[in-house]
Amino acid sequence: MIRVGIVGATGYTAVELIKILLRHPEVEITCITSRDETCPHISAVHPRLRDQLNLNFQPLDIDRFAAQVDFGFCCLPHAASAEIVGQLLDKGIKIVDFSADYRLNDVGSFEQWYKVTHPDPDRVGKTAYGIPELFRESIAGASLVANPGCFPSSALLPLVPLLQARLIQSSPIIVDAKTGVSGAGRKPNLKFHYPECNESIAAYGIGTHRHMPEIDQIIKRFADIDTSVIFTPHLTPMDRGILSTIYVQPADQHRPGDLMDCWNDFYKSSPFVRVTDGGVATKNVSGTNFCDVSVSQCRGTLVITSALDNLIKGASGAAVQNFNVMSGFDDTLGML
Amino acid sequence: MIRVGIVGATGYTAVELIKILLRHPEVEITCITSRDETCPHISAVHPRLRDQLNLNFQPLDIDRFAAQVDFGFCCLPHAASAEIVGQLLDKGIKIVDFSADYRLNDVGSFEQWYKVTHPDPDRVGKTAYGIPELFRESIAGASLVANPGCFPSSALLPLVPLLQARLIQSSPIIVDAKTGVSGAGRKPNLKFHYPECNESIAAYGIGTHRHMPEIDQIIKRFADIDTSVIFTPHLTPMDRGILSTIYVQPADQHRPGDLMDCWNDFYKSSPFVRVTDGGVATKNVSGTNFCDVSVSQCRGTLVITSALDNLIKGASGAAVQNFNVMSGFDDTLGML
Amino acid sequence: MIRVGIVGATGYTAVELIKILLRHPEVEITCITSRDETCPHISAVHPRLRDQLNLNFQPLDIDRFAAQVDFGFCCLPHAASAEIVGQLLDKGIKIVDFSADYRLNDVGSFEQWYKVTHPDPDRVGKTAYGIPELFRESIAGASLVANPGCFPSSALLPLVPLLQARLIQSSPIIVDAKTGVSGAGRKPNLKFHYPECNESIAAYGIGTHRHMPEIDQIIKRFADIDTSVIFTPHLTPMDRGILSTIYVQPADQHRPGDLMDCWNDFYKSSPFVRVTDGGVATKNVSGTNFCDVSVSQCRGTLVITSALDNLIKGASGAAVQNFNVMSGFDDTLGML
Amino acid sequence: MIRVGIVGATGYTAVELIKILLRHPEVEITCITSRDETCPHISAVHPRLRDQLNLNFQPLDIDRFAAQVDFGFCCLPHAASAEIVGQLLDKGIKIVDFSADYRLNDVGSFEQWYKVTHPDPDRVGKTAYGIPELFRESIAGASLVANPGCFPSSALLPLVPLLQARLIQSSPIIVDAKTGVSGAGRKPNLKFHYPECNESIAAYGIGTHRHMPEIDQIIKRFADIDTSVIFTPHLTPMDRGILSTIYVQPADQHRPGDLMDCWNDFYKSSPFVRVTDGGVATKNVSGTNFCDVSVSQCRGTLVITSALDNLIKGASGAAVQNFNVMSGFDDTLGML
């Protein structure tokens, strides 16, 4: 049994992470932390976990944490995460980090997009990016893995194989993404107040969303192709799910069937990517670690659709999949 | 008072039409028809209209209808509408037709996209298209107006002035549209069964939706510009509303401010188009005849967003606006 | 034209109030206040009202307000309202007050349930209660009217005529009420954060909700009957609407038909109460000032259902109806 | 491994059943049937199960089914189920039946409430009722178990221990229940068409719902107490979940704490019933086999709330729990 701790376990990703880990045959959750000094029981913060995990939150103390856990999932905000990851690694704890701190290729980009000085610049650009379907080898040998952003996962899984195989042009790539409200986290805010966002759909962060450079840079890292995706996220009135509708131009008159063949071959050993010929819907992947991908054609433009659950394949499911790869287990252990 | 009748008044557009007409100071609703031979009272079919309109449905009889009404709103499906429109016009009844029968520029396109022989080909291409902001003059003089499709309205209102002014390129134009479920009508179908489409978003009809040629042809009709828009509708878990996210390329390095200026000028006498600089959301136009438009830029691409209520500005509100123009009233009479 | 001002116009009830008043033929909105010292334009706070009302918020200044308005709608929280109502009345301004400050029969009850000293105790118990269907005469002659709570309206409209006519027993009366989330106001709070309350239903405030004594006391005031209703509200995943399911015992073996007759007679001149024999649903009254009532029987127990829109008949619609009665207009002026 | 077949596997309960069984370590799903003669692949009917179960539907053939399975879950409608259950039992197949055919105590009641002649009257009243928390012993020894109705489960789990212990009076018992739309099944119907039931709540079947006699009769069977519950179901705009708000009178002035003690003792070995002191919400049990129960007091009346997922603890989760008990496994095997 691997003893697992979760740093910053008060949000939605932590709930889903705990639900998955409770089913995992090789895991024991031994510690959960939050900054709340009153140390509430987990069932007070997450009532749905009542009777399933008997732990109180505790403030993070590096030494105490290190004595209790072999593997850590770090669910802190960006910059906060990089303040402590190094200390945990020094104690021999392997880590999957949910923040954006170690996802980008260089410190300059991070500081440009996140408007903060990076607390741990040396690991930036050297950390494995946590999509096992793309970076299995580096994840398998890593002590630290940067868990990917939810939108990037939904865009990269369909795009990377096609770009690498030169089936589509590298520009323009338009990613029109729709996300459920849980993607905004658990902190109350007028924008996510029920009567504001229910029964409404709206775009946000046009041209400024931080997941845009992440998509570009991981394409560069994997396929050595320069891209500048046009990325527009939309807030959609549902709890969870991301649908990305991606508009690309074929190279050499390739057609949808060629793209399907490429995906089927590239993902033939990847159980969590499902190539579908009948269109995708977020409901079909809700609560699962699947990413469904499909493609149609409209007047020459290829219209790719990709669906995943932002809290599972877009966050906690991917994290456990990374944990499995880092621990030498099958990707799917405890996850189907 | 103008005596008004509604042909095919059992659907959602008819409910909204009746709600608007009940507030209209120059209208009396005198007749509603359906194919239901039992002639139910309107409150049995539309419980929300109880005590507001005291009429029974009756089967359509042209002579009886003509004796009761001066103006008809025809809410029949495509092809069914064109079977009777000519007969009503012959009786001197002015008509706003909700179907697609008279929207396109030529019979060939209609028959290609709607897969049916047109019952009244002579009026195709000669019928006024019912967006008063664009075709006021021809609507004002018309006996028959083709009420526009909901998606075309949401795309044409922002696009037409920009194309006419050559501020944007005519290709590529990508319209990624999101609609509430009422857009699919009131007939039960597994796709629109609550537990199927709630908490889910999905694209449909990629490359095959009939509103795509309608957008192209009306751009051609108004601005004499050839376009082939890429159009992808999405079913969104909400009752009503359309958000269109439109990706276009600037001509001559025009920027968002130039587009705003163009809209502000073009729509300065159009009270139902609101140019907004803070983004749009379907909730802000729900239950109204407004179309909100906005624009941002992402890496050189202009990202236009447009929001309207598919049942009002996308259907019944537009119809009453057309009625007002055809009747010599102010556009807004009874509608604010 | 009556010049109208709204004190505390940042919430959901104010939006609906403004939407109704904009259609009212005898009203001009001349002033809206909030505590925000930056005096934003109304469209910045309520984007859906863009281009419909051209006013900036201003902090409340009694003299300035009095110079601008003839009639005030006060949308402040309880206790805050009673701090200023007297000052406005002294200036000759008539007022509909949305708070609970003047609804109860005595100061002791108010202070027991609201846990605060009443700032204006002399008017408590002497203020007209704003359900015109029940208290028309006192409203018509009043300078100050206490707008009723949303749950009390939904319970009192069906119950009061039946109790007065002794068709039902005064105990037990169980009111199981379900409300949309807008009933909780516009202030962000984890309970009303979209991913918390979407796709979930829960009871709250069992035995402690402040609308419970309001129901009892208004029954006492109107019909001189002592009751102690059992009241349980539930938060329901929808924007708006209240459904109250009310369990009562018949007196003298009265049956549903007797109750329907009683309602039909009592409300024969009340256009906003619709007696229905086919059950009620919140959707049928959404966006309207109607209260639909119905009754069935289950094993001897009478099961009454009542539906209204919490923001309209449960708040702003009732307020304008009160305004109409206070101003000598027909109840329905500007409201159908 | 136990070979399992599902008769009538096209609905929502079948999807959830398959999802649970796929995780069960002692089960292999070998056969799924439907009346569709085209024998579609399961992923065509249930896209969310793509790549998880590789079976085609086949029409039910008793001999072929018996050759393939050891244990059957029968998801047919009432009366249809009782046509084939006997044949399957004769082949030595153990069965959990989802229909109402074997739930009631006598054929007369069944035929009165279900308006159809019972095809297999001899087993009525002799079949184990599938709530293991109440009827463990008879389930453990049974070849056929009647899976309980969703509403009865939500009412019986809190009520039965309290009635048996004489902590509450047996009359009146009012069960005001709210259910998600999946409870209505998967067949399209105007009532469950998204724009009809979204953003609305309504009662239905007042005094006539078939789950009412089921609640009474199981209370009689377990505790030998005569009751006549007042039961009102409500359609709530959410996919899944049942909240029952139950109004009862205490016996001997018992208070909420006494009821909590009773539940805690009665369910001390029942992992799927969670006694909570902070109120319940359907979201906390969604996707789980838990039933959460709580109790408060309002002016002497005890207000019990109970929450479960209608498709899991109210259907397929209960079915697998019954399977586990019938097969000698721990209740929770494959279910946490």
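Should a chain be cited, it is by its letter among A, B, C and D, assigned in written order, with residues numbered from 1 in that chain.
Just so it is clear, a residue touches a chain if its C-beta (ideal position, glycine included) is under 8 Å from a C-beta of that chain, and two chains touch if they have at least 3 such contacts.
Please read all numbers here as calculations on a predicted model, not as lab measurements.
Any chain that touches chain B and also touches chain C is listed here: A, D.
The chain with its Cα centre farthest from the Cα centre of chain B is D.
Note on chain placement: the centre of chain C and the centre of chain D lie 40 Å apart, centres being C-alpha means.
With each centre defined as the average position of its C-alpha atoms, the distance from chain A to chain C rounds to 46 Å. Residue positions of chain A touching 2 or more other chains: 180, 196-199, 237-240, 281, 283-284, 286.
Interface residues of chain B, counted against chain D in their complex, comprise 12, 180-182, 186, 188-190, 192-199, 237-240. Contact residues on chain A toward chain D in their complex (touch as defined above): 22-23, 47-48, 50-52, 199, 271, 274, 276, 278, 281, 283-288, 290, 292, 336. Those residues of chain D that touch chain C in the shared complex are 172, 174, 176, 178, 180, 196-204, 206-207, 212, 228, 230-232, 234, 236-241, 243, 245, 247, 279-284, 286, 296-299, 301, 303, 305, 307.
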